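Here you go, one structure.
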């Protein structure tokens, strides 16, 4: 009765974190997969909950266990250092890996070390990791063994900026300013003072100004220079959502519809990018709990200024949703399965 | 030019916590005191802030340092185990102590051990500690060496319940239900998963049902039995404020004004208790950042039911504000100084 | 390819409100229905949004238009006075009606007039309206023409209380106290000062104490007397979710599992009621955006006190989700379709 | 016993709004004034509250009543159209006016009409109105009859930008981007869908992009051109606070301390501007419920980029606090009275 004759078995490491929990939620609606929880550390945390809930299958987060259970894909919803430690063992056994950390997104070791402030411990994998932004890398993802799922901030930034860079309409001498705001779940589930309720509520704060580790991911993907790109990360008193306000100057644009046409050409068949009429921009509610990236802009012809607003749900298109989109491509499911 | 000819020197241990920070804020508006920060542990936390701010005087949290600086009073805004460890040394040197923890509020050792799940380590002080609820204990506080500042939940509960108990209008066979809701700052500043932003926002949860350690403080103060008093603590997704909805049945009350009269008689000269017209009740905004306890109720004559709402700011009347009120009594300042 | 050979056409009046929007969201995942927007007033509101979104079919909210489009069911997500005005015309044309307002929930005209402070304008329909709480009324719902979808507060209350009333374990002489807390969406989408952001945020307030119009719906369904049942509605600074803390005394219960067994017997085959182990209770996150009602309790054998916590999402099990559950029963779909 | 031998009588029109309520709160701590509520419309709103609160003196909002009561100053916490209607009558009777609306901030009629989309109805007053930003206009304010209290967004922007413009270090060919975020109270107390709780919570949205009516106030005060200055206003899900992230390029700056020195020179004696060490920036908690404007920045020498963060409480330094600061100057009180 299921629409797929064969189920793929997929595993999730780090399922207790916010991205991991969102993965379980989305995969739970996917008719083509059978989910396994991969226990990495002997975690004793018990979330109390209703009686009689169907227990998920739980196995150790080892390649051996994964082979034994015939997993097709393993998601690593883990910190970068854990992903670097775990990835190759799964790959060596022929199990595909989708990594949600920042471990394999940059293709240059020095850049990694400089922005992450520590050396990379699995450099041999950087060469083959495919950057999992389907809108720009779809075919490579289909055949990849290792997909580096993009960062949340870079997903919203690259989808908004790269079409205009490719179309060569940006006056790059004026720079690109990306003023980004994120919900707190992007910082992970581990308790810290910075993410404590009383510190965040009724507050708004900027952090890692000009130094955020997601910056090189935008530079590499949209092919822009470090001095051109100003990025500020800021913490919103909400749990989920990223909205980026991007300030650029263009050249030789006479009407807003010319800019819209660039986006439309680029994204006309994309299921998860939605465009707004010029002068209209998305808010966070528009994308909450969806895999959409919504993009709108305001254009002033006299000054050639463009203010672009790009919005995603950081846990969906910015993490778990995009990971499922990548899995769909890798396992030959319809790309939107479980995501609409 | 100062209205007081002589300044009292006062010290605060635990000034980095939420209650401690509120103490510094309130004492900063008190024209009669000179504030010292008492460093208990070698804490390295630095809160960045504006340049050139006047540094507060900082000394070790020892009785010796306190004597050297001629402190009159030390506030302990510390966990109970730290308060039990520190209090006697200050007292031995003739320095008064106002303790904001639960260490000295109960006068029975067994009750303490049972509700706190650990033995008391300074039992010799229980006898002399004065429960610092000025509305019911004003004269004893004036001459106390050691004041046990009341808990936040018990302050709102006792002020609402005790006048009716004393007036003997409650049908005690029907029980007293106190359904209490608190902001997150009541749980302290130490990061925990339970007080993380993403766990608290958009949520509401009950905890320590029937077992909250503040229960015996209400029983002892309002002289009611454990089986009579049902208490549920619940966490609101806000940083500060306590609102308690108290459900009782009365007997032989013909009109709401009879109940109001009981409260009015009891609180007519109290500067920090405000009453509402029958049928009208306070919300949290009414008391936010004030030292008031606001009390209102709704009465149904047919069923003799009364629903009482009692609201305070847990960091002010529920902690730091009441502590300053107690200090004002102990040092012979006007009771409302720095609090209106 | 669709799992249902025939689609039912369903219409929604009041789709711009919060319950109506939630209905559209849920019905959008239902493979067996084709959705029509029924425009009741000439509303000009335009929500800006992405370009190229598939427009929903929009027709006037009249029985004629509904007949022309061959609708099977119409949902009225409208105020009670609008529901009373519209319902009979649809019914007369053989179109089933699921009404989400309070118009048809009470079977007594005087009770309606007394609690709603205005007379009922469609009294002829009260007799045939079926109260749409599937857990207690499933068979009648299947064949009903007009279903009165339960109120949000009563859904959480009745599911928690009625099994214990039926099992005759409550000491009814002690009364039943239901201290209820709700998110703001329960108040509807029309702007008011009371539901303005600055009035609600950082606040918590009680309203309609002992006089809430949902009270008679609990009395009628759980068969309890008005003087027995104390209900307080309170506003949480969140958008969705209801949590009710219910305080009762039982008699002759020796162990918590006896109470659990009562619930388990009653709900063993219910897909949308989840029970917790004694001593454990749900929070709002557990039910957010689901059609579940989660119920847990704490029992104290000595005093025979029970504190029950019942939680739902007010827009799902408390409104749109339960309405879809009722539609599934009325149109012979699997009861959980679009709801898990 | 009061520190001032003579009290000034001051009146507030619009005291029910958020700025008006904040004015009452601040003036309530001012030992030199006696407060009158000026009733403009026959408003029937009654905020329930505690019994026995001292009623404020209430008179009609007319020049005659103000003369009869010998008011020195009237605050207009009213919409611009009401301020334009009321101001001259008070001024004609010799009563000073501090207007919190946008009515008198711009000195050019055409600019007003263009950004406010309606003509000015009291143009004769534009010439004498003094822009009430004490840090740049102190002496004129002291002797002004009519002070135009600055807008909330412009206060934070001008204090951050103007020193660098005056010092001629900004590369103005690169433009100035001000990405501003505000709490909801800035939109006023009148209920609207846009400021409803459920629309704002868990959300973040940009509005009036490039067209906000506060823009010309920054251009006029900091002497920058419209095409140079990009301003985006955005709504935070909090009640109060403004944080502006300002992106500029400078020229010929070798070290961050050179920029700091510019600010320090400009603000060394300013009681309400606080500077941060280079690399450190304020968050909203730092200025909440204070009259401070906190300014910090991050500088990258290679690219000459500067990211400035300027934070205020929109109801205090952005409205009522600055109005009291202006009143202190106009009535010859110490400038910080009631504000520290």
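When the chains are written out, they are named A, B, C and D in that same order, and each has its own residue count from 1.
The criterion applied here is as follows: contacts are C-beta pairs under 8 Å (C-beta built on N, C-alpha and C of every residue); 3 or more make two chains touch, one makes a residue touch a chain.
Small disclaimer: the values here were computed from a predicted structure and weren't measured.
Visitor: Count the C-beta pairs in contact for A-D and for B-D, then report the pair with the higher count.
Guide: A-D
Visitor: Of the other chains, whose C-alpha centre is the longest way from the centre of chain B?
Guide: A
Visitor: Mind checking the centre-to-centre distance between chain C and chain D? Centres are C-alpha means, answer in whole Å.
Guide: Chain centroid spacing, chain C to chain D, equals 46 Å.
Visitor: Can you work out the whole-Å distance between the CA centroids of chain A and chain D?
Guide: Centres of chain A and chain D (C-alpha means) sit 40 Å apart.
Visitor: Determine the centre-to-centre distance between chain B and chain D, using the mean Cα coordinates as centres, and give it in whole Å.
Guide: For chain B versus chain D, the centre distance works out to 37 Å.
Visitor: What are the residues of chain B that contact at least two other chains?
Guide: 199, 201-202, 237-239
Visitor: Okay, in this complex, where on chain C does chain A touch?
Guide: My answer: residues 48-53, 202, 274-277, 280, 282, 286, 289, 292, 294.
Visitor: Quick check on the complex: what are the chain C residues that touch chain D?
Guide: Per the touch definition, chain C meets chain D at residues 18, 184-185, 189, 191-193, 195-202, 237-239.
Visitor: Spell out the residues on chain A that touch chain D in their complex, using ranges where they run on.
Guide: It is residues 174-175, 177, 179, 181, 199, 201-206, 209-210, 226-227, 230, 232, 234, 236-241, 243, 245, 247, 249, 281, 283-285, 288, 298, 300, 302-303, 305, 307, 309 of chain A that touch chain D.
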